[in-house]
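To keep things simple, chains are lettered A, B, C and D as they appear, and every chain counts its residues starting from 1.
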Amino acid sequence: MTKTVAMEKMLNKADLAAWMGKLDSHRLFSPALEDEDVWNYMPVEEAAKVLLNHPNTVRPPKGFVFPQREVLYEYSQVPGEAPVLNETLPDPAPAVVFGVRPCDSRGLVRQDIVFTKEYEDPYYQGRRAKVIYVGQACNQPPSPNCFCMSVGGSPCAEDGLDVLMTELDGKYHVKALTPRGSELLAKGGELFKDAQAADKAAVEKAHASAKAHPQRPIKDLGKVAGALKANFDSPAWDEMAKACIGCGICTFLCPTCHCFDISDEVKCSSPCKGERVRTWDSCQFPDFTMHTSGHNPRETLGSRLRQRVCHKFLYFVENHDTQQCTGCGRCVSLCPVGIDIVSVVERLGQP
Amino acid sequence: MIDVAALKAHAKSLLEKGSVRAVIGYRKSTAGLLAEPATIADADATDDLIFDPTCVQNLALYLVNDKKERVHSRSDDKRPIAVVAKGCDSRAITVLLQEKHFPRESVHVIGVSCEGTGVVDARKLAKKLDGKKALSVNFDGSEAFSITTEDGAQSIPAAEVMAERCLECRSAHPTLSDMTFGEAKSERALHAPFQAVKHKMKDEQDNRWAFWARQFDRCLRCYACRSVCPMCYCEECVVDSINFAVLPDTTADEKADRIKWIERSPARSETAMYHMVRAIHLAGRCVDCAECERVCPVNIPLRLLNTRLEMEAFETFEYNPGSDMNAPTLTSSFRDTDPNSFIR
Amino acid sequence: MTKRTGVFVCHCGNNIAATVDVARVAKEMGEVEGVIFSKDYVYMCSDPGQSTMANAIKDNKLDSVVVSCCSPTLHEKTFREVTEDGGELNPYRCEIANIREQCAWVHKDKPKATEKALKITKAAIKRVQNNQSLTPIGVPVTKKVMVIGGGVAGIQAALDLANAGLQVVLVEKSPTLGGNMIKLSETFPTLDCSQCILSPKMVEVSKNKNIKLLTQAEVQDVSGFVGNFKVKVRQKAIFVDPELCKICDDCSKVCPTVVKNEYDENLTARRAIFIPFAQAIPATYTLDESSCLGLNPVVCGKCADVCEVGAINYDMRPKIITEDVGAIVVATGFDLYGKENLGEYGMGKYDNVLDGLQFERLCSASGPTGGHVLRPSDHKEPKNVVFIQCAGSRDPESHCAYCSKICCMYTAKHATLYKHHVPDGQAYVFYIDIRSGGKGYEEFVQRSMERDEVMYLRGRVSKVYEQDGKMVVKGVDTISGKNVQIDADMVVLALAMQPSKGTADVAKTLKIGRDKDGFLAEAHPKLRPVESVTAGIFLAGAAQAPKDIPETVCQASAAASKVIALLSKDELMHSPAIAKVRLSHCTGCEMCVQACPYGAISLTGPGAKASVNDVLCEGCGTCQAVCLRAAIDVKNITQLQIHDMINASLGV
Amino acid sequence: MANAVETAKDETGFEPKIVAFLCKWCSSAGSDLAGVSRLQYPSNAVPITIMCSGSMSPMFVLSAFNKGADGVLVSGCHPGDCHYLKGNFFARRKIYLVQKLLQFVGLENDRFRMSWVSAAEGVKFAGVVDEFVKDIKKLGPQTRLKAKR
């Protein structure tokens, strides 16, 4: 990835709405309350109301590029004739997503690996090309269960972002990280002032203080993969998964999880007409690995917990040389029964 | 006030005597304030057991899971399993017994009374503490919780931070148990039963639809509500993508002929259908443990939906789920005097 | 899923074709997935239509067939036979799409009706494509019949059945056969003596080797199904051995207990040990436990002391008798409408207000007065008698809504008989209408008016009371429009008929329905009037509806002939379209067991899962709807099939 | 807003799609009688004959709405007249619950209806369908539970 020279600017908090106003060629999204207590990325309806003071959103922003439902193609067949397939590649209007936490953008980088590295998924890429991510550094931990630093990230990490904003006293420090990001800043024109040395110092201070917030550590991250491999057959998996209810919260809300299922949605049975769709799936669901024969290689909750943890800390590391966990803490906070991936890694991922 | 030490001792003696395979109870979690369910087979580990207002989960679920696991493991250990059960949990166990899900002798119910209060609602508590992190919550008499934060302990009227369902609970004392800890307090519903449902019913129908459409629209289809529900013990759910329950003699046709009532897409129509099927299948079986609502990551008020028909069961059909393990179920019985005027 | 479906669209002449574009239906259905043959024809049910269908099935190797035509109640059987006989295909591979009664006949707009016919037919195609081949289930039958009730209906049915060579168990609640009919004096319109015509039949029952008579017995429990019922009968102890009893009456003479005699409608008394009447069958004395001083020689024991043959045995105990039978005839008869309900006519208050049956006893030679009409209060001959019809009948506000059917005739008979007994007396009849349909009935009524000078007054009686030894009857004659007052010596009420007291219990035990008035419900009011809704259980006599003797006998014989036809086969064929459990999905929650109207489901096998008794199951699908796990389905109308039909009917 | 416009537009030529689940022994026979009597009623209701109203699974109702039904009718034998003794009593309780749920979620009350129609009530059957179609026409198309297809 080629890195352009970063462009650092300052924006008055009060001018955020004005900047957004100049981006009307794009659909704008920012974290907002979807319902009581439910933070989600919502279309910006009134820029003045965007405060960017959100805790961690319930959903990560992965849906912009990997929606829960993607139509792959439409099919139809007149009896006696050949079936007609009509590929439906997405062509969304360009969008800017504000307020993306660095852990989530790091999740995006991992999604990129999955959907572009070995196989270039046109659906993913079609959307990815149209979304610009404006990140926001976490001056305060947005969740009590943050552990980004334990998995190689940081509250001000820049990977996957086009722009990183850091809130300073009454201002935002806005750093363009990609050409797309620079363009975005350019649209703001006069609203942005060049960052001065004092500003840069303030940002560094803010970032340092953000990094200083205590997080739950994972010792020896480099040895976790090996340890997990060694503990593959440990009875502790079953024990730790005893309380697991087998829902999809941890995976659906994970910024890196990317598994899907493909099914046909029949619109009319005769003449035959329908859509082939790809929808999110979860390794925690009992039907995920179910064979037609009735055999299920991952029948137990323990084996499914192991799959989730090993995928993130072992298999992905082996295949792509990085963890597939960015420490957002959603799976820990939202697990109905307190299954805690950090505890699991501590217990089975240490030599 | 429940004597947790006595509870631990009872669990310990059960395991020491070998009269149960394991004890399902609560222990402190590393993930946050709320307790986590613990299945303890080692007598020494019973010291981890707790019982306080953070013990929100309905442990009846783990009896269902235990049954599934045992089928898989083909264990021939016939000893019962012990389970800590609050009033609502014990009602759930009663419904499971009523539906012959397991025999009475296979479970040793350690009843715990919520006495005058109930369990906390973590969201309410977080609001009440205004950002401060609660480290522990304990019963403080029959009307208050003692809450510890970094700033020390404070007593808060329980009603302010209690789960909604506890406020409407009609029987906080276990209806079925082999051993009970805590006092039976009969008068305790702080809110009128079905208050929330009745309030919602007053809305205009179009507004109600707007409300539910908004809820259904944000459903993730993570199925946490189904997974956490002790009554959702079907081998195969209407929303599952494939045939689950497969026996050696299941034919290819049977597998192919799986009816797709609901698509996997998180579209409003499909999500609405999923939640309504669940609600109708829970009619007369829902014990209002409200776990579905608690676990929902996007706060869909599922308790409101699922108690709607419980209200009918109770008020129209005089049926109270979890009160009698020998009664026929709500939908497999009828009375000549059932409502008829709604029929043309 | 079948792959070679044939569709046959019937014009029904112009009946369907006038409103449905049948050619279009045939064409469009030909394009539905899996349909390889589709044709319309002017009359599918005609011979050429049937052969078209049979040939098409064979020639195209069809594996499923839809006939789009009239209601399946008319020709489903026909087309399934064609499928099987001509097409050599399992008949359950044929389904009917009703586009006549449910479409062509009820709509006028041709395009719209055609749209609907397309949906109906497509739904049937979707259904039939998932039909299985089924074979009716053969069940061996028990060639034995139980008849419940020993009145004229039960007697007639039992005799007909026994004479056809079937074993019969005749169960009667009271100590003797005869029912209500044996209490009658003469019968209309011929005035032959009731006892004279019924007694020989009663004797015939007792002599017939094929009939086992159980008196003082009641059905307690019924299980099983058509062809194979198991009936538990509880027979009271009678404390007298009928084999030994010589009917000498020594016991009765010494019995110290006197109670009202129900065989004389309480107009006389009997002892605790008694014989109902001289011709009673079985011909034996019987000891009524409820009025006996104690069945104990220490307390009384007089009857046992005097019985020379030692027929009396206080140690007898009730017996539970279990009978396996193939069919059941229910003939539990009628009771009169409760007297207590008719306070306005002074019934039950004044001795001289009688009901019809009491009047019969007064007229009967074997009755309390030896056949002389004397009024109960003072045994004087009444000179003015008022007969009131519709006492309790045809009064939806306060009594029975229905017409009891026989009262017009028996009141005419009563008035006539009275005149024969008391030629100088005057009979008055209050009536609403006179319903005298029946052979010789109208003539009989006319004769009572003209020859016997019975005074018919059209109108209701408002009040009956006693004054100076007379029964004052106040009413209105609606023809003259005048108020009428008659100072009568006696009043006779033609009380409504209602099902006998035990009928409700019997219906519950047998699981057969009753109508709104409590009479036993027939399977079809016109076409199946002697069958109950439960296969193998038949109805006879006044328990089904008010009826007179000839009609009762007709129905009894009809029920018997239905049973004879049913049991003429060695095996009964049961519909194979029954429930089937998917064991993989069943969790054994027992909801289906609780809901099954036939008790056809039980939990069996390892893991205690639901299992359906093929013969008990009627295929209603109640189990299917209560099952939360889709673990039970009715064959050939499965949830998958209904799902597909819903889609088809919505054009999805 | 868009919905309101669509509804208004459709009101004139709107032909509701109705699924009518009829029990075989009473209501289907009753509709046959309506046919034999040549009674006229709107063609919107497509009959599906089921064995007994007791076999009416709530799933069928929900599915019909999901598949785009504007109205669903369930019709069985009068209480006490069930061919299968008591199937309709189970149906009555279950349908009552389904109806309450649909209403609570906000589906218009008039879209789901149950009736008792005996084999002798051809006139009643025609009346029930006629009235149902009229009521649904007033409501316009059912959009709330319908899947987008």
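We adopt the following convention: a residue touches a chain if its C-beta (ideal position, glycine included) is under 8 Å from a C-beta of that chain, and two chains touch if they have at least 3 such contacts.
In this text, all values refer to a predicted model and were calculated from it rather than measured experimentally.
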{"item": "By mean Cα position, the chain sitting nearest the middle", "value": "D"}
{"item": "Chain pair with more C-beta contacts, B-D versus A-B", "value": "A-B"}
{"item": "Chain C and chain D: spacing of chain centres that average the CA atoms, whole Å", "value": "34"}
{"item": "Inter-chain centre distance, chain B versus chain D - centres from mean C-alpha coordinates, in Å", "value": "35"}
{"item": "Distance between the centres, which are taken as Cα means, of chain C and chain B, whole angstrom", "value": "51"}
{"item": "Multi-partner residues of chain B (each touching 2 or more other chains)", "value": "238, 246-247, 250, 261, 263, 267, 331-333"}
{"item": "Residues of chain A engaged with two or more neighbouring chains", "value": "266-268"}
{"item": "Junction residues of chain C, two or more chains touched", "value": "595, 626, 639, 643, 647, 651-652"}
{"item": "Chain B contact footprint on chain C (complex, rising order)", "value": "1, 130, 582-585, 587-592, 594-595, 603, 608, 626, 628-630, 639-640, 643"}
{"item": "Complex contacts: residues of chain D adjacent to chain B", "value": "58-59, 62-63, 66, 79, 86, 89-90, 92-109, 113-116, 128, 131, 144-148"}
{"item": "In the complex, chain B residues that touch chain C", "value": "99-101, 233-236, 238, 245-247, 250, 253-254, 256-257, 259, 261, 281, 328-329, 331-333"}
{"item": "Complex contact set, residues of chain A against chain C", "value": "79, 266-272"}
{"item": "Residues of chain B defined as touching chain D within the complex", "value": "197, 200-201, 205-213, 238, 261-263, 267, 269-270, 272-273, 276-277, 279-280, 283, 305, 308-309, 312, 316-317, 330-334, 336, 338-340, 342-344"}
